[in-house]
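Below, chain A partners chain B and then partners chain C, in two separate complexes.
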Partner chain A sequence: MESVASTVLSAGARETAVRSARRLDRRRMLFWVLPPVAWFSVFMLIPYALLLYTSLGKVEDMRFIPGLSLDNFIRVFTVDPYLGVILKSARIGLMTAVFSAVVAYPLAFFLAFHVRSSRFKFLIYLLVIVPWWASYLVKAYAWKTILGSGGILNVALQKVGLTDEPVRIFLYNEFSVVMTLTYIFTPFAVLSIYAQLERIPTSLIEAARNLGAGGWMIFLRIILPISVPGVVAGSIITFSLAFGDFVAPVLVGGPESVMVSNVVINLLGVAFDWPLAAAIGLVIITLGLLLISASGWLEEKTQTRF
Partner chain B sequence: MRAFGNRPLVLALAMAVLGFLYLPILVMMLFSLNDSQYTGLPFNGFTLHWYGEVFADRKLLVSIWNSVYVAAGVVVLSVLFGLPAAIALDRYDFPGKGLFRRIVMLPIVLPGIITGIALLSFYLTVHMRLSLYTIMLGQGTALMCITITEVFARLQQIGRSQTEAAANLGANEWEVFRSVTLPGVRSALAGAMLIAFSISFDEIAVTFLLTGRDNTLPMTLWSMLRREATPEVNAVATLVVLMSIVLIVGGMYFSRGRGVASRES
Partner chain C sequence: MTSGIELKNLRKTYDGHGQGAWAVDGVDMTIGAGRFITLLGPSGCGKTTTLRMIAGLETPTSGQILRDGVDITDQPVTDRDMRMVFQDFALFPNMSVEQNVAFGLRVRRMKGRYSEAEIRKRVYQFLDLVHLADHAAKKPHQLSGGQKQRVSLARALVTDPQIVLFDEPLGSLDASLRKIMQIELIRIHRELGKTFIYVTHDQDEAMAMSSSIAVMRGGKVMQFGSPREIYDRPANRYVASFIGHAHIVDARMEGRDAEGSVLRVGNGQRIRIANDNENAAVGQTVGLMLRAEDLSFEKAGADTLGGCVVDSLYRGEYVEYVVELDGNAGVVHLHARTDLPALDQGAPVALRVNPHKAHVLVQ
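Here is the complex of A and B:
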């Protein structure tokens, strides 16, 4: 716009025109920027500030007393079980992320490279997203019916004669928690890896084949490196969702599989220790911001441009 | 040719994964038909009794309606505020943009419980009574990032030339929005709305803390599963899955050529 203006207008008029255009642009910018910024300020920044205020105080006789002490943060890192539970949740989240990616990869690969007709592709895509709609709670409960001591797996094992007594190690431990979480979040990983694989041009594969590369070679040297950002993006989501989960530990977990969200709920409801819960929340918010920055950097770093 | 690798092996692995994804769904559906007082073996025989129970259970039906109501509100909120946010991030450099982007993404990586306590302390401070609307505001905040990231990605793909051309030809902001921006992002927006609706419909963590007297479907199911899990729970979940298949297929059919699957291929 400026180049058009400069040929037509004199210097002084040009300056006013540019200034008024800038002012107009600024008004338009505020129109788009202000509502969302206002929303996130009211519903995120103010609540987080309140968490900070709460975390600096303490509770005595069920009453909140404001203060300016870092005691609660020190408690998070030094008193059992808080730091341990955060680390355990992170471990469960990591295992879930890895297993979901491993389970999801073959399906995403199949969808991206081996399904030719768009009708069949739509069907498989649909089959991946439909399990999303089944209630999380009922799906988790279904695993209980499968893995429990009177469950389908045990009955089948006994029928086949592999065992006489019900095997109890399938349920109410960390294995069943990780299994259930992996199951629930695998569709996210499939979609994220598939989106990345779909970007790979067919010509790249043909070129590799013409140069004499075999299937494994193409996979290891071309497909796998290119798919890394999709795996990372999916893993960030599956990790985060598993890390913050509190349903699986209650439904299929054992007494020792309590995770960080369960601890926070107990602090709020049972112990009525809001300041400590707020401190845990702020520690996790900080970790979350670090994770976002790290993931942005990692995806940028591993992305291939065609 | 795009396909490479050992086709039978790839097919077998992919089918195994689909089997894993559907095993619990099939178990859930099968046991919704079980003529027994609780979910699980033994399988006593087929009955539709539990589907009848669902339609006779007023509390359950109300909670389904509540979930639809909340999810619809969340979708409206995430369009009203998420769409401008995506446009703002795409077009302008405003102070605090980097921070704004991170804040917006934060609810994706945070446990819902943390988002929940932050909002709960806010509601308590401003003396807001917990209701379906407090859930709506909470979920709306948490799920807005889906709309923002989807629409933002599409805007970046489209580029700016059309918007600038329209502006140079004298279109005002509203005309540019209505005839250039909106048509360009329509399918991304529709996809994001669908995802936001489905996640909101099944959301547990944020809702758990922000729920008042009225319960959403997951809250009702949660209390049913913790008391005694009758096959009624399976029946209602099966109905939701069947309804969702009808809705998804219908939606895709309706917007033929703009569906998610065809967009990506």
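Here is the complex of A and C:
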């Protein structure tokens, strides 16, 4: 009897011990979970909530009046020029992404397959990222001096004799905006394409050559398909950065090349229409989420498993 | 149709000035059509570099590669019509098994040779050969190591090459799978009758599969011969100790007549063996190669070697005795039946040497 009782007792004690251990565990868990949750709340959840709150209200006599109206969202889609500006920004972003990929691919390819010396490889790598040590503004200004009527490009054209007077089509239009953005964001495309190309083992190319394949076939059938996720990832980065840019349109863009960030800045700083700016922001964030999900899916879909 | 390969004083250095270490240092070899030749040696012996030069993936620093008498040293890799099976399989990860195998049939040089229907038929014919027809739609990452290697083999064979090159193809497989693949390779070699040139560091693999083995070391071929020649009559001490587990004891050639040679082992004991090395002169100091399976316990008497047991290891199939020979001659190993009474450490023993298997090494 006694032994049975002691067993029961000890079992009960054990249960208590387990429970208290669990409680301790939970407390410790809280300690680890709290900081990220707090960070997420302060920097993400609350700002987004504020954005939503603002977008549902309106401004009267320069004062914000809270509300629950979808008017601002309707304005984004119906009143000129908001939807048009969003679409134009997307077009500029897309062009930047495409041009960056086109410019970046050969460089990444060269870096991955033709540079054997690791020191030379590092040097090129450095040259690709070194422009990022200079301020974005400086680089945008640099393009102004290259493309302007007194700029290097025009001087060169006149010297060569292709034209008698400065050509004005280079600057203050969509072309110059895309050109500048492409120049500035191409390093991101280079790095992401290079990272993907680097994964391709040399033996794959040797095997293809051994089977009698020429350079183009190896590129089209093996290298290009494997590198698609790198191109997609790079394009997402360049697209997003270009889409939300507001410096290039101001410095090198013309009156026609106003982009969505410029509009938002104007609504905030000049027109004091915070609710509409918030609504545009939310529309863009939603579009961004859709885009990133789609590209994530595409990246996953095209990713080659080795 | 198959073809043979001839290597003439083939050399390769990775040092641009041709002064550094030679990865391959003067390889001469004639590989007959339809043979299964293995380049065997430890890592860094130049076997893979030799194979890659034959394939055209490396350019020789000097020397020649002939194929059926025609110099192909400078022929581009894409034109060589030799297929290589890589150690890491080198399957195209973005293509299915079927597309991988069909790849070599779709290259420009093959254009017009096969219709799409014929390509499909041929691909399946070779997937059948390697027992993988059921896996045609899979991607390489869905296959096991052995399956990947078989795809890589089918991809190489489907184009009907005259020569197939293997760069340690079984190196990344586990031991049991390796045995199965060895048997597969022998079967496929027999069925297709192609010239196989095979690189490995695994001597069992080389012995089991090859019609000839080239034992390499430091960029040079130490010996080129049939597995039996290499095992029984190694050209030098290096080959003797690399292949099997030969033990070499010090000896001196005392005399020779038509029936055989008399050797003095260590500083005293004499034994008589059959003649097997004409290069050994009477009076010369030589190495006597004694393999465990060529020795047996015997009553002490003429033509036996005395010694004492140093160690014994129970191996299950047999007991392995380590015996130190009298007169500082050296140590040999011997396999004894497990049902015989066990010998203690230090027990004096007499060994009979199979006179036809003991081998005299000059170098």
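Observations on the structure shown:
Operating definition for what follows: the second predicted complex is superposed on the first by the 273 of 306 C-alpha atoms of A that agree within 3 Å, B and C clash if a C-alpha of one lies under 4 Å from a C-alpha of the other, contacts with A are read in each partner's own complex, and residues count from 1 in each chain.
To be clear about the criterion, a contact is a pair of C-beta atoms (placed from the backbone, for glycine too) under 8 Å apart; a residue touches a chain by one contact, two chains touch by 3 or more.
These numbers were taken from a predicted model, which means no experiment stands behind them.
Overlay on chain A: chain B and chain C fit together in the combined arrangement. Using the contact criterion defined above for the overlaid structures, shared-chain residue A:T304 touches chain C, although it does not reach chain B. Once chain A of one complex is fitted onto chain A of the other, the partner contacts of A:V155 are limited to chain B, with no touch recorded for chain C. Touching more residues of chain A than its counterpart among chain B and chain C is B.
Judged by the touch definition given at the top, the superposed model places A:L204 against chain C, while chain B stays out of reach. Within the superposed three-chain model, A:L83 lies out of touch with both chain B and chain C [touch as defined at top].
By the document's definition of touching, of the two partners only chain C reaches A:P225; chain B does not.
Using the contact criterion defined above for the overlaid structures, shared-chain residue A:F110 touches chain B, although it does not reach chain C.
Shared-chain residue A:W32: touches chain B; no touch with chain C. Touch criterion met: A:W143 reaches chain B, while chain C stays clear of it.
In the composite built from the two structures, the nearest CA pair linking chain B and chain C is 6 Å apart. Comparing which residues of chain A touch chain B with which touch chain C, the overlap comprises 206, 209. In the complex of the two chains, the chain B residues touching chain A come out as 1-7, 10-11, 13-14, 16-18, 20-25, 27-28, 31, 39-41, 80-82, 84-85, 87-88, 91-92, 94, 96, 100, 102-114, 117-119, 121-122, 125, 137-138, 140-141, 144, 148, 167-168, 173, 198, 201-202, 204-205, 208-209, 217-218, 221-222, 225, 229, 233-234, 236-237, 240-241, 244-245, 248-249, 252, 259-262, 264-265.
Of all the residues in chain C, the ones that touch chain A in their complex are 55-57, 77-84, 86, 88, 90-95, 103-104, 107-110, 139, 141, 155, 159. Against chain C, the residues of chain A that register as touching in their complex are 201, 203-204, 206-214, 217, 221-222, 225-226, 304-306.
The touching residues of chain A, counted against chain B in their complex, run 1, 4, 28-29, 31-33, 35-37, 39-40, 43-48, 50-51, 54, 103-104, 106-107, 109-111, 113-114, 116, 118, 121-122, 124-139, 141-146, 148, 150-152, 155, 183, 186-187, 190, 194-195, 198, 202, 205-206, 209, 215-216, 218-219, 236-237, 240, 243-247, 251, 260-261, 264-265, 268, 274, 277-278, 281, 284-285, 288-289, 291-293.
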